[in-house]
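One chain, subunit A, links the two complexes that follow: it is found with subunit B in the first and with subunit C in the second.
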Partner chain A sequence: MPMIPYPFDYYQPATVGEAVALFVDLDARGKQPLYFSGGTEIITLGRINEVYTEAVIDVKRIPDCREIGRRSGAFVWGAALTLSEIHDARLFPLLGETGAGVADRTSRNKITLGGNVCGRFIYKEAVLPLLLTDSPLRIAGPGGERTAPIGQLFDRTLRLGRGELLVQAMTDVRYAAFPYVTDKRRKGSAIDYPLLTVAAIRAEEGIRLAFSGVCAFPFRSTEMELILNRREVPAEERIATAIARLPAPILNDIKGSALYREYVLKVTLGETLERLEKGVAIG
Partner chain B sequence: MPKKESYDKVTGAGHYTGDAVEARIHHARMKISPYAHARILGIDATAARTAPGVRAILTGDDCGVLTGEEIRDRPIIAKDRVRHYGEVVAVAVADTEVQAKQAADLIKVRYDPLPVVLSPTDALRSDAPVLHERLGEYEKGEGVVSVPGTNVASVIHVRLGDMSQGWEQSETVVENAVAFKPSDHAAMETRSAIAEIKPDGRVHIVSSTQAPFAVKQYLGKYFGVDVGFVTVEAPLVGGAYGGKAAIQPELIAFLASRAIGGRPVKVLYTREEDMVTAPGHIGLEATVRLGSTKEGKIKAAHLIYRFDGGAYDDKSSDIARAAAGDCSGPYAIEHMHGECLTIYTNHPYPSAFRGYGHAELTFAVERAIDALAEELQMDPWALRMKNIVVPGDIAPTRDLLTPSNLGDLPACMERMKRLAEWDDWNLVQVDDHRVRAKGISCFWKNSSIDPNASSGAIVSFNPDGSLNLETGVVEIGTGTKTVLAQILAERMRMRTERIHVRFTVDTGISPEHWKTVASRGTFMAGRAVLHAADDAIRQLLSIAACVLRADPDDLELDCEKVFVRADPSVQIDVKEICYGYSFPNGNTIGGQIIGRGTYTQRRMNPMNPETGEGTPGPEWNVGAQAVEVELDTRDCSYRILKAVSVNDAGRVMNRMGALGQIKGAIAMGLSFANRETFLFDAEGRIQNPTLRDYSVFRYGENPAYVVDFVERPCLDGPYGARALGEHGLIGMPAALASALSRAAGVRLNRLPLFPERIWRARMGYADDTVSV
Partner chain C sequence: MKAEHVVQLELHVNGERRTAVARPADLLLDVLRESFGLTGAKPGCRNGDCGACTVLVDDRPMKSCLMLAVESAGQAVTTIEGLQDEAAQRAFVEQFAFQCGYCTPGFIMNIVALSRLEPQADEGTIQDWMQSNICRCTSYEEIGKAIHVVLGKR
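After this line comes the complex of A and B, so read on.
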C-alpha cells in the first residue's frame, strides 16, 4: 500500500563516478535528486509527503558500495550493505549487533549502513561503532573523493556536502578483539526506536562510549569518557558527573520522558562500566 | 479440522476488499483534520478540483445526514467543526488512487483551534466546552438517556438491594480508581469499501465489514434508499475485532459514488487513517468502591464507569450498556449500584472492541478486588472464591443465574489455580534486581445484542451428495465457518470435508446474520444450521420414504445414505435423492433439496436505564486467568513469562480453533495492557498514529500460553457450545496489572503498563508525560 504521490525518475549507476555525475546533472536540472540505498526511508516518508524528490540514484549496483571484507588491516563496509548482511558476516560483532537492534529483521534486510547513518531519523544506531572506532569514511562528491576519520565528519549528523555520497567505512581490524558492550533499551517492545542505546568498547587507553536516543542525535563524547574512566572515583559518582556533561538536553518524547531516560542511562552506564571494567565481552 | 479458508490465506489467494482492481473503479481519498477540536473556517479546493483526473471534491456541505447507531450525531464529512484528530474534512474522488491522493493533498483547510476536552473527568467539569450543543435534538436509540447541555451522551444505572444496608454490613471498605485512554484495534487489513449506485437506484457495496446487514439497513435509513435496493458484499476480512462493525468507509464510498453519477468508487484507508479516522478502542475512567466483612464477603459495591466516548457516540453508549449489565464482574453482590456514563471528548470515537466493554469493566473490578484482598490480607484467589457467582445468584440485570446460562467459574478458578501454580503466589526474588510475581483475574461476559437479532442458514445439496452451507457470518479470522460446517456435518452424520462454505457474504442472497460480533457466530448461526440441517433431513427422509417404500420415521441418515433403521440393507445413497429421485424410466420426483433455518435468542429484552433490569443477553460465559512476570526493579522493564487462561467453553467444537482463539485473545489483551494506547499531546493530537510508534505484540514477545477448558454445556448452544471469541482477552489486563503491582510493590491502575509508568508509580512521580 505504500503509494508515493509524485512521479520520480530512477537511475542505477554502475560506478561511484557515474553516481556523482548523475547527481550533479539532475541537481542542476532541479530534480532534487536523492541517493537511494535501502529505500525504506524514502518510501515511508515519501508516501506522507515528508520526502520529495524527482529522481533517485540507486547506489546498490555500485561494487564499491557493496564491498565487504578486509583490506590492508581494515574491515571495509560498503555503504549499501544491509544491516542484515553486516550482522550475518560476523566480522565485527559490535557493528553487527548494534545494527541488529534497528527495526526488525525484515526491515534490516533493506536498511543499509549508509542509509542508517545518513538518514533523517535521529537515532542512526549503526554509527555508534564507527564513532567508537573512529573509522575512516570514504566519501565521493562533485569535487572528487576524500577519506577522513568519522570523528572529523560526524557532528550530530554526517556532514556531507551537496551531492556527496558515503561510499565506504573502514574499521581497523584490531577493534574486533576489544571487549565491548552494546545495549539498547526500548520503551517496552522488542522492536522499537531506542529509549537509549549505549555502545562501548574497552580500548588500550580506556573505555569509549557512544550513545543514541539520549539526546536528539547520536554522539561520542571524549569529555564524558575522561570522566567515566577515572576508576579511582566510585562508578555512581562518575556516572552522575558524566551525565551532567551531556552535549545536549536529554530527549523528552513519546518514547520516554527525560526524567526516565536519565534514570535508565544511569542504570545502563552502571552495567556497561561494570561489564567492561571486569573485562568481559558482552553482546 | 483445519480452517477452510486457511489454504487461500496462506497462499495469498484470499481476496479482500482492498484487492479489487478494476479499470472502471474510481478512487476516493480523505483529507483529515490535524486538530482535535477546531472550527473549519474555510476549505479551498480550487487547485484540487482542477488537478488531473479529479472528478469531485466533497466537503461537509455535500451531505447533511447525521449518522450513528445509538445517537445520530456524526456527519459523514465534518461540517463547520472537527471534533477529533483525524476526522474527515474533505474527500477527493479521482480516476486513479494517486490522482485522488494528489488532489486531497491540494485541498487547503483553514482551522480555528478550539479548547479541547481530553478525558471524561475534564468533560464533566462545569466549565468544559460542550461538544454537541444539539445533543437534545439528535435522534436516539431506545434506552439512550442523554443529558443535553453537557458532554454526557448516555447514563445507565444498575441497582440491586439497598446500598445503605450494604455499607452498614461492611466492616472494610476500599476504593480503587483506574484509567486508560483510547487505543486502536490494529487489524492487519485496513478498512476499505467500494460503492456503486446503479442507474435504477440500486446500491452495491463491497466492504471490509463484519456487519454487512447493518450496512444495508443503515445505508437505506440514512439515504432514504429502500433496503431491498441495497446489497452489501463482505469478502474475507483481515481482522476486525469489533472495529469493522462500525459503518464509516461505506458511507464515504457511497457519497463519492453519488457525486460522480453512481460510478464505482473505492476508498482504501491508509494505516494512519485506519488508526485515527476510523473508530478505535474505547477509553475509560472508573472508580470502584467495595465494602466487605472482615472474612471477605462483599456486601456492597458502588461502581462508576465513565467511558471515553470520543467525539461521536456510534456504539460507545451501547458498550457502556453492555458493561453496565455485567458491571459487578462475576461476583454475587447483594447491594450494588453501577453508574455507567458515556462521555463526549475530543478523542477519536470508539466502536466495539473484542470484549465489548468487558476487559474494561473487568480491569476496574479486578483491581478493586485485589485492593480489597490487600486490605484484608487475604489470598486474592480465596477472596474471589468467596464471592464469585454460582447458579441461584442474581445477575445485575436481575436475571436468575442457572447452570446453563452461567459458566462454571469455580471449576475455572480451581483449574487456573493449579496451572498457574498459585500456591506459590508470593513474590520471588530472582537476583539483586529481578523479582517474579503472579497475578490473577476472573471475569464474565454476557453477549448483549439486539433482542430481535436473528441468524439464518441455508443448506443446499450438490449432485454428488455434498453440501453447500450459506450463512451470513463474515469470516473475520475466527474460523466460524469451519465450525459451522462441523456442526452441519455432525447433524448430517457426514464428513466435514464434504461441506462447502462460501466466504463472501452477500446480503442479496445470504441469510441474515445480524452482525458478526459478540461471539455469537457459533452460537446463533450454529443453531440456525441445526434447524437447516433438520429441514434438509426431513426432506431427504420424505423422498427416501417414497423410494424405499418405508415410513420416514423408520429411516436413518448416516454416511450419506438413508436406510431403514431395522434393516439397513434397505437403503439408498443420498446422492440418488438429493436432487430428486429419477425412476429407471426417467420419471422424476422432487428437486434439489434446500434446507433452511433461522434462530433468534429467546426472551431477550433491553435493560431499563434507571434500574438495569432486563435480559440483554442469554448467557454469561466465564473464565479465570493468570499472568506471571519478571520485573527489573530498577528501570521496571519486565518480561511476561506465562499467561494462563481457563475458559468454560461449554463444549470445545474445534480444539485447535478454540486454542487459537484463546491464545490470540490473550496476546491482544496483553498487548493492550502492556503497550497499546494513543499518545495525545496537550491539544489532543495523536502523537503515534503509525505502526512505527504504535507498537503491538509481536511473535516472539509472547509468553508461554497455558490454555485449558472447562466444559459445562450451555443448553441453548449448539451441542452445548459457549462463546469463546472474546473471552481469552477479558481478564488479561487485570491479571497483568495484578502481577506487576505485586512485583513493583505499588498499585498499578493505569494502562498501558509501560515500564516508565511503573517506574513513575514506584518513584512517586506524576503520571502525566506524553510518553505514557
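After this line comes the complex of A and C, so read on.
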C-alpha cells in the first residue's frame, strides 16, 4: 500500500510565469493542482486523504522563490526558503527564531516559509514576524503580479486567489535593530506540541504583538496593542483588558483547555511586556 | 495505477547512480527501501515526527517520509548503508547508545550531519537538532554521551 494512496503528476517549473501558466492549464483540465514548496503538509495530509491533488507544481527550483538577501533596504525572503535556511542566515533573528518554533530542526530542513504561511495547519509561527513588520508580500497569479503589505492580505489565513502563488516576502531592514521577544510555550517539555506562541517587537510607537495557538488562527491585533501600550495602567489590568478583546474564542482542545491557555497567555504577556518595557521611558 | 503516473527516476544514492520506476507520489523512504533494498531508513511514524527515517540529502538531514523520491533527483542521498566506520557509529557501539535499535540509523544520520555541518555545536544547537529524533526505549542518556564523544566534548 503506497503511503500516499492516490497518484499525481509532478512538475518542476523554472520560472514564476511558468508555474502560474502550469497551474492555469492543469486547473482547466480538472487536475486540482497544488503548488508544492516543502510539501510536508501535502504529504502528511495526503497520506490520510485530507488533501487530494492530481498534480503538484514544485516551486523549489524557481530562483525568485529561493532568493534570500537584502535589496533596496529590505530583506527578501523567497517563499521556498526552508525555515532552517532563514534561521541559519541570521539576517533577521526575530524571523529565524520564531520560525524555529515550528516542528523540529530536521523537519525545518524541508518546511518552507511559503508553506508555513499558506498551509492549512493553524500553527504558523513564521507568519508572526511578517505581521509584526507588516512585510509586503509578492504574489503572482493568472491576473499578473501584485505586492501588498501582509496586513492587507492576511486575515486568519493568507487570502490568495485561485492559482495565486506566494513568491516572496520583504521586510524593512530597520526592523532587525528593534528589541524583540519570541516565546513559544509548550505544555509538557521542550519536545512537545505547541500550546501558544507570542512574538513582539518594540517599535517607535510602542510594542507590537502577534499570536499563534491562542485562537484558531494566527493574528496581530492593533486593538490589543493599544490597550497593552497604555503604560500608565498596571500591566495586570492591561493584560486582562486585552485578553477580553481577543478576536475569537481561545482554543480549547486536547493540547490545552481554553482556561489553561488563557493562564499561559497571561503569564507570557506579562513577561513579554516586562522584557520590552525595561528601560523605555513612559510617554 | 495509470501508466502516466509512473516515471523512471534516476537518483544518486550512497555514491552510486540508481534507477527506479516509481510514482511521483512515492516517498523517498519507500523507494529507498522497496526499490533499492536499503532498509536502514526505518518507517516509524511516517508523519515526520520520529526521525527514524532520517537520511542525508546533499549532506543535510532529511526525514525521508517527508520527501518525494522525485524531489531528490539531482541531489546526493546518503543512507546509513552509505556510512563507513563513522565516528558516530563507533560511539554508539562504545556507549551502548541503543536498546531495540530501531531509531539508531536515524539518530546516527542526524549526528553525522551535525558533526559535519556544526562541528562546534553548543548544547543549545545539539538539543535543537536532536529533538528531531525519538527513542522509544529512552536511551537518551547514552545517546547524549555518544554525541558528546563525536563532537569531542568528552
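Structural remarks
The definition used in the following text is that the second predicted complex is superposed on the first by the 272 of 283 C-alpha atoms of A that agree within 3 Å, B and C clash if a C-alpha of one lies under 4 Å from a C-alpha of the other, contacts with A are read in each partner's own complex, and residues count from 1 in each chain.
Convention: a residue touches a chain if its C-beta (ideal position, glycine included) is under 8 Å from a C-beta of that chain, and two chains touch if they have at least 3 such contacts.
For clarity, every value in this text was computed on a predicted model and none was experimentally measured.
By the touch criterion defined above, A:Lys187 reaches subunit B but does not reach subunit C. With both structures placed on the common chain, the touch criterion links A:Ile43 to subunit C but leaves subunit B unconnected. Contact with neither subunit B nor subunit C is seen for A:Thr98 once the two complexes are overlaid on the shared chain. In the superposed pair of complexes, A:Ser107 makes contact with subunit C only, with no contact to subunit B.
Of the two partner chains, neither subunit B nor subunit C is touched by A:Asn116.
Applying the stated contact rule after C-alpha superposition, one finds that A:Met3 touches each of subunit B and subunit C. Contacts of A:Lys255 after superposition: subunit B is touched, whereas subunit C is not reached. By the document's definition of touching, of the two partners only subunit B reaches A:Tyr263; subunit C does not.
Subunit A residues in contact with subunit B (one complex) as well as with subunit C (other complex) are 3, 6, 44, 47, 104, 190-191. Subunit C meets subunit A in the complex at residues 1-2, 4-5, 7, 23-27, 29-30, 46-48, 51, 54, 60-63, 65-68, 70-71, 110, 127-129, 131-134.
On subunit B, the positions that touch subunit A within their shared complex are 18, 97-98, 101-102, 105, 190, 268, 270-272, 634-635, 637, 674-675, 679, 687-688, 692-693, 695, 698, 700-701, 752, 754-756, 759-760, 765, 769-771. By the touch criterion stated above, subunit A contacts subunit B in their complex at residues 1, 3, 5-6, 44, 47-49, 104, 185, 187-193, 252-257, 259-260, 263-264, 267.
By the touch criterion stated above, subunit A contacts subunit C in their complex at residues 2-4, 6-10, 38-40, 43-44, 46-47, 56, 58, 60, 84, 100, 103-107, 109-110, 190-191.
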